[in-house]
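Residue numbering begins at 1 within each chain, and the chains themselves are lettered A, B, C and D in the order written.
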Amino acid sequence: MSFTETAAQLADVGRAFHARGWVLGTSGNFSAVVSRDPLRLAITASGLDKSTLSPADILEIDQYGKVMAGSGRPSAESSLHLAITRTREAGAVLHTHSIWGTILSDAAAEGGVAIEGYEMLKGLGGVGTHQHREWLPVLDNTQDWAAAGPQVETTLAEHPEAHGFLIRRHGLYTWGADLAQAKRHVEILEFLFEVMGRKRGMTWQA
Amino acid sequence: MSFTETAAQLADVGRAFHARGWVLGTSGNFSAVVSRDPLRLAITASGLDKSTLSPADILEIDQYGKVMAGSGRPSAESSLHLAITRTREAGAVLHTHSIWGTILSDAAAEGGVAIEGYEMLKGLGGVGTHQHREWLPVLDNTQDWAAAGPQVETTLAEHPEAHGFLIRRHGLYTWGADLAQAKRHVEILEFLFEVMGRKRGMTWQA
Amino acid sequence: MSFTETAAQLADVGRAFHARGWVLGTSGNFSAVVSRDPLRLAITASGLDKSTLSPADILEIDQYGKVMAGSGRPSAESSLHLAITRTREAGAVLHTHSIWGTILSDAAAEGGVAIEGYEMLKGLGGVGTHQHREWLPVLDNTQDWAAAGPQVETTLAEHPEAHGFLIRRHGLYTWGADLAQAKRHVEILEFLFEVMGRKRGMTWQA
Amino acid sequence: MSFTETAAQLADVGRAFHARGWVLGTSGNFSAVVSRDPLRLAITASGLDKSTLSPADILEIDQYGKVMAGSGRPSAESSLHLAITRTREAGAVLHTHSIWGTILSDAAAEGGVAIEGYEMLKGLGGVGTHQHREWLPVLDNTQDWAAAGPQVETTLAEHPEAHGFLIRRHGLYTWGADLAQAKRHVEILEFLFEVMGRKRGMTWQA
């Protein structure tokens, strides 16, 4: 798919996620692979209101994060998108800041969140049964993702089956073979975060 | 109604339910009877993003689940749609994966969920008063619905007055004489799941 | 305003309330005065899906609830609309079935719900300060509103300053000098029900 | 930007906030600077349904709150908009009445709400790290903002780094260098109010 078509699809995803409250206040960023060799990503510019995201707000960057097309500054988290694209062979990477993702990332006591036994898990790539246990690592937040790069890559390598990870009090990163699968992963994980978060507020536990 | 008209209506229902968060991440499936003799169902193909569901995404299947028209794979849960259509003489069957349906299915201790005393119950077919007690069986989840068919049929036969059932940590099945009634049943049951789920999170119980 | 214009405005209100989840599953009904002498109300027909409410779904009834124009059956609760219009000199009456209205009506221990000290209360007709105490009576539900008419009129007479009332496990009735004010009253009361309901789920009380 | 363009943008913001339930029942008001010398604000007229807010609903007022253009009455809270514009050198001031803002304003025990450690805080003007502690003062509500003016100005002066303040059981005031930044501040603070409010309802605290 061309950069232009990819940019239009990223803008659609961005507006839909803003409507759900998952990328309020210019938060969140989204990327998709335009070409593998040389590596080119279409990626949202930094600091945009996602409620009015348009194709003109999408940049093309190379494997070093250098802007090849479009105007605007890439997000400081572009290095995360590039690292995930490289190590997961992802076709798209989506990052959201949701209410329940924030709450669950904060509550995770042992370095991650376990989600197990829900039919919705079957929508994750390669998962064929609800009897799946998804383990999402939780990383500490930082403002220096260049320095944190090796730690992120180590975490990804240690959890080769994880479909995403949370950053504490910050949000979710997930990805997919293509943008449609990555969008599906966001919807599934955000749904499950809300189920688990709401159950914690109950006077009974199932 | 023709297959084409039915497909358009199923697509409308699908997009509306996605907007409410009841069929995120390609979850959910919907069917309606096109003809009774021979039996033909219009049914959503498997694995679709319901936010962009269109008539072209709807298949026509026969009584054995064989695709008679349209492209795509029918859901593994088509056998449930066929069984419900047959045993309940339903004109439409709708399946959702909502937050509150998932939570309530998980909390149900004694094989089902009882809902009693709410005005909203009057919207269920054949119910004329809020002084109605709706009992929704909860079935265990499985990935082999062909093998589970007899159990589903037994459950339906044991609860002839139930307007739906839940599958544990999975979602709701409900149906109606036609698609409008089935949609109404989804809205009513999802509403009541949310009322009951939220009450459990209260520090007081009414 | 003509019946035609009034019907169009009632349909707009209905679709907006359905979008918020306040009139799911064909619940809710809405009326507005077309003329005072003789009394004529524009009112929603019974059993309609409010997500697609159109002016053609609105009936004109007289003071006895007889249909003067339009096709369809008036709601069994038309007598409530007529009683409120008469005793409150209301220009419009709106009835919703919301999650939080249902929960609060159920929790009310002493025959009503008190709401006090919120700025939002200033939006109720004739209220000029947040230091207002709104008392909404809660009536028991029934399926015979003709027989319950005198009790409703007594309740309205006993609480001349109430801007609405709740029916237990059923929903809210409120009204206004015109449709715009009645809509405002719904939004304000539903907002305050949610604030109060959510506070009850907290581990602390303010 | 001209008054006409500013009015159109304020109307867009108003409708978007109404859709999220942040300005129900004619609550909320919004302003933006049209010129600094002489000071002219575009500001919403009092008592409007924000779901249908249009540029024609926006007034132009001078530094004393006198209407210079447009029809309608300015809000009694115009003096707050003028005070904030003057003391914060704000380009826009936005006031919302949300569920969670109301709840948090009510729960604040020591004169304010502290928000700390969330990535979302970085979206506030001048904040470059999640390791920021935002302190939002909570003022008591009043119906006499002219008399309360000095207290508001004192509070603003005592908390020069605050990006907003709450009025108890009433709502949020926040502002920005321009309307886009002020809108971002609303989204960020409302998001964080909801995160913090929901955590209080949990059976565990992170």
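Remarks
By definition in this document, a residue touches a chain if its C-beta (ideal position, glycine included) is under 8 Å from a C-beta of that chain, and two chains touch if they have at least 3 such contacts.
A quick note: this is a predicted structure, and the numbers were derived from the prediction, not measured.
Listed here as common contacts of subunit B and subunit D: A, C.
In summary, the chains found to touch both subunit A and subunit C are B, D. Relative to the C-alpha centre of subunit D, the farthest chain centre belongs to B.
In this entry, subunit C maps onto subunit D through a rotation of 90 degrees when their C-alpha atoms are superposed, rounded to the nearest 5.
Averaging C-alpha coordinates per chain places the centre of subunit A 31 Å away from that of subunit B. Shown for subunit D are the residues that touch two or more other chains, namely 201-203.
A complete list of chain pairs in contact reads A-B, A-D, B-C, C-D. Residue ranges on subunit A touching subunit B, taken from their complex, read 16, 20, 117-120, 123, 128-130, 180, 183-185, 187-188, 190-191, 194-195, 198-199, 201-204, 206. Those residues of subunit D lying in contact with subunit C across their complex are 21, 24-27, 49, 51, 97, 99, 102-103, 106-107, 141, 143, 167, 169-171, 197, 200-203.
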